[in-house]
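What follows is a pair of complexes built around subunit A, which joins subunit B in one and subunit C in the other.
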Partner chain A sequence: MTAVIMDGIVLGLQFGILGVGLTLVYGLGGVLNLAHGQMAVAGAMVISRLTDGGMGTFLAVAIGIVAVGLLGMVIDLTLMKAVYGEEGEGRTLLGLLLMLGVGFIIDGVLEWRYPIEALTLRVAGDPIDILGVSMRRGSLVASAIILLVGALLVAFFRLTTFGRATRSVIQDENGARLVGVNPSVVRTSIFALSGILGGIVAVTRAMTTPVGSTDGIELTIFALIVAVVGGLGSVSGAFLAGILLGIVSTVSAFYIGSYITTIILLVVCAVTIVIRPSGLLGVRS
Partner chain B sequence: MSEPLLKLDGLCAGYLGQDVVHDVSLSVAEGEAVAVIGSNGAGKTTMLRAVCGLMPPSRGSVYFDGTDIAGDKAHRVSRSGVVYVPAERHLFPQMSVKENLILGAYPKRPPSSQLDQVFDLFPRLKERESQHAGTMSGGEQQMLAVGRALMAAPRVLMLDEPTTGLSPLLASEAYNALAELRNAGLTILVAEQQVPLALGLADRGYVLDHGRIGLTGTADDLRNDPGVRKAYLGV
Partner chain C sequence: MTAVDPAADPEPAADHRMAAAASVKNSILGDFLPITIVAGLLGLIPLKFMDSRSMMTVLISGMLFAAYGIAFNIIFGSTGQLFLCVGALAGIGGFSSAIMADRLSVPWVLSILLAGIIASLVGGLLSWIAVTRSLDTIFIGIVTLAFSLSFENFVLGKGDLTGGEDGLRVAASKGSIMREQVKPYYVFLALVVVYLIFYRLLQRSHIGWAFKALKDDEVAAELAGVDVTKYRVYAGLIGSGMLGIAGAMFAHQGRGFIGSTTYAFGAVDVRVLVMLAFGGIGSLLGPILGAIVFTVLDELLDSQAQLREVFYGIVTVFLFLAFRRGAIPSLSSLLKKKPSSRSR
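The block that comes next holds the complex of A and B.
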């Protein structure tokens, strides 16, 4: 049982950072990025191609992560300009549809060009004993990276001027404008950051399981579930929900079967919406 | 006579192509407190929103320190020194009082001496430093909204009905704080329905009626004007 829960935490951390990427973009501009997982997988494919071509792993990983960040930035500066011109429901719907389209395009291209490509990042070394459970190095390194990134994110949002400005736009966009924050600049930067986080998801996941070229949609669905359960717009909520759902996921896979996990996660998500519509730590009521 | 610090010239603004503020011209000299009074729906909020950049004016100019800032985005107007305190306050509800104040100085990171100045004016905010803005009372939120605006070191402070949602006692306290700021030399433009309070603060006033400036004069002139007395002072 301890082993199952430990695996759940490893998975949950990945879920968490996946949800953070989605929740930030949504909180800032009301855009539900339904291409989040596909963008992450695109990053994985960049890394896979580069390392196959002989590039060193570290450099390839860095390029892959930055590439997803740039993709996010470009999407924000082009497609999303039209979206942010709209307000309310129109904005949400247009953003959702455009990102759904982007997701399909990425999926289509990857399936066509690299149908059987998958990224695996091996972390050398023997398993390590933690609480009597033998943990693979890959899982531990992946989890450590995510915890570090999470800590950096918290520090960024709590302590830096730009991080505060980002939260101000999430909490009250007009208030933010009145104190001198330019919401467009914040949104573009955070879409890029969200892409970078997606790239980090791909990399850390590849340390524990192969990331296939067509896994994007599944990641997007997980991101959506995590973000909703955590409370759209809440970073700490996404991390908390990610870990909870990771544990739910491995426990149900162990006792029932892995075929059932996505269904169970969706049920948890639906129940959350009914009981606590703003999520565990939602910002918007 | 020197140029006014803020000057609206033929300003028009409205919604969906329909103007509700028509051809408004007014001026505020440096160090002066000016009130715009008018009843519900007169167009006070619309006028201030068009000045501060939350909405674009449909016509006309807004000169601040000689440059036309009409149509500039709100964050630019704020950074240039014209800082707006809306009636709805638009605080950051899930941030502490202190963080709200710090953001007021954006993009600068304010020195603690600047925070202390605001705390001197509103000791209550100091006591509530780490409380979330969203959980504070209406009066405290109003203090915070003004405090946050002061953190930007404004050259013109524009306020829309700072008494919104306040009891009579708190409303006059809010105006006492504004008077203190005016006495310290701050330039103030305030839109208000509570005419006695506004005219008590202001050097001069304008009456906004159905989106147009009707009457203007010194605060004393307006207080003694039969029309104003009848329409706004209930005497």
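The block that comes next holds the complex of A and C.
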């Protein structure tokens, strides 16, 4: 049981950072990025191709993560311009549909070019005992990276001027504009940051399980569930929800079965919306 | 219930009413003429392709998607509820009809109607939850998407009932006209025509007025006494029932086979959305135009099956950016030389 819960925490941290990438973009511009998982997988494929071509792992990983960040930036500067020109429900709907389309494009291209490619990053070394459970090095390194990134994110949002500007746009776009924050610069940077987080998801996940070229949609769905349960727009909510759902997921997969597990996660998501649309830690607007 | 029925408004000025009645009579021809013409043209298509089983399968699926499109148009186009569970509702119809007919020996024609009722109740429930919890578009979208994916996992996981990954072979309708090569096309065409007429009649009824009012301005409609909750749930019930019937009919046609992907989100919902984006959300013939165009394109892309997803993605992005109101409304407003009322 302890081992299952520990696995759940490892998975949950990955869920958490996946949800953060989605929740940030939604909180800022009202765009529900239904291509988030596909973007992450695109990063994984870049890394996989580069390492296959003989490049060193660290350099390939860095290039892959930056590539997803750039992809996010390009999407924001092109397609999302039309979305940000809309207001209210129109903006939400257009953003959602466009990103659904982008998700299909990325997924289709990957499936077409690299149908059986998968990224696995092996972390060498013997398993380490934690609380009597022997944990694989890959899981521990992945979790440590995510915790570090999480801490950096919190520091960024609390301590830097740009982080505070970001939070001001999340709270009130017009108010932020009045005090001299340029929402479009913030949005572009955060879309890029969300892409980078997606790349980190791909890398950390590849340390525990192979990331296949067709896994994008599944990752997007997990990101969506986590972001909704945590409260759309809430970074700490996404992390908390990620860890909770990760534990629920491994426990239920271990004791009940995988199809039911997915259904349980989806039902948790739907019930959250119906009972408490603001999620665990979100603020009701 | 505080709903206002404009047609039954007790005291409008008498001559206004006469004028309105006259114009309604004049427009009946105008209203139903397009449906007649479209039905006639669609009825001619099999003459060219009746020898090819594969072409007939493609055409039947085209008609099925036209029916899905009309039903989705009632839910999303008329009342703005983003139901991302078109496939799931059709699948509830398809699987429950197949199971009722084969396991419980319900006559298969009856099972299609019962399946429609089941889908209608499920969709109505989703709609009722969405309205009473006043969920906005995005949350309705997420809840219904979660519902779709749960349904897919249920179909895969509950293999003893649904056949799981192998799919389900339906036996009850063997030997009926639904198993022939050309006739099922006409059955589905009839369904589409019935749906179109029903859609038109609905638009002209007090329900249609209420839909229009609450779509144009929900607050104003509510203030004018339109019971928004009631009409949204009506749309959910009606559209979902139509989806259930169409999905159930599909289970009995051709080889009588429904698989785990027949009603999957990626196979149905995305296509319906793109079709409607092309044809025009909320227009009468938009779903038909969309279904025809995408049936032809699918056939052209058949040799490049992997590229289909890319293509759908590009079309979605392009259509929603370029004609946000769909091709038919954009064209008809161009013809009328009205400036497009697209808001930026």
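Throughout what follows, the second predicted complex is superposed on the first by the 283 of 285 C-alpha atoms of A that agree within 3 Å, B and C clash if a C-alpha of one lies under 4 Å from a C-alpha of the other, contacts with A are read in each partner's own complex, and residues count from 1 in each chain.
What we mean here is this: contacts are C-beta pairs under 8 Å (C-beta built on N, C-alpha and C of every residue); 3 or more make two chains touch, one makes a residue touch a chain.
Everything numeric here is computed off the predicted structure, so don't read it as measured data.
Peer 1: With both complexes overlaid on chain A, does A:228 touch subunit B (first), subunit C (second), both or neither?
Peer 2: The second partner, subunit C, only.
Peer 1: Counting only touches as set out at the top, which of subunit B and subunit C does A:86 meet: first, second, both, neither?
Peer 2: In the superposition, A:86 contacts subunit C only.
Peer 1: Using the touch definition from the top, say if A:63 reaches subunit B (first), subunit C (second), both or neither.
Peer 2: A:63 contacts neither subunit B nor subunit C.
Peer 1: So in the superposed three-chain picture, is A:3 touching just subunit B, just subunit C, both, or none of them (first/second/both/neither)?
Peer 2: After superposition on chain A, A:3 lies in contact with neither partner.
Peer 1: Where does A:147 make contact in the superposed view: on subunit B (first), on subunit C (second), on both, or on neither?
Peer 2: Neither: A:147 stays clear of subunit B and subunit C.
Peer 1: By residue count, is subunit A touched more by subunit B or by subunit C?
Peer 2: C
Peer 1: Applying the document's definition of touch, where does A:74 land relative to subunit B and subunit C: first, second, both, or neither?
Peer 2: In the superposed model, A:74 contacts neither subunit B nor subunit C.
Peer 1: Contacts for A:167 in the overlay, against subunit B (first) and subunit C (second): which applies, first, second, both or neither?
Peer 2: In the superposition, A:167 contacts subunit B only.
Peer 1: Per the contact definition in the header, classify A:178: touching subunit B only (first), subunit C only (second), both, or neither.
Peer 2: Only subunit B; A:178 stays clear of subunit C.
Peer 1: Which parts of subunit A are in contact with subunit B and also with subunit C?
Peer 2: Common interface on subunit A, subunit B vs subunit C: nothing in common.
Peer 1: Report the residues of subunit B in contact with subunit A in the complex, numbered from low to high.
Peer 2: 52-54, 73-75, 78-79, 83-84, 86, 89-95, 99, 102-104, 106-107, 109, 148-149, 152
Peer 1: Under the touch definition given earlier, write down the residues of subunit A that touch subunit B in their complex.
Peer 2: Residues in contact with subunit B: 161, 164-165, 167-168, 171-172, 174-183, 283.
Peer 1: Can you list the subunit C residues touching subunit A in their complex?
Peer 2: 80, 82, 129, 133, 135-139, 141-143, 145-147, 149-150, 153-154, 156-157, 266, 270, 273, 277, 306-317, 320-321, 324, 343-344
Peer 1: Give every residue of subunit A touching subunit C within the complex, in rising order.
Peer 2: Against subunit C, subunit A makes touches at 32, 79, 82, 85-86, 89-90, 92-94, 96-98, 100-109, 111-112, 115, 217, 221, 224-225, 228, 257, 259-260, 262-263, 266-267, 269-270, 273-274, 277.
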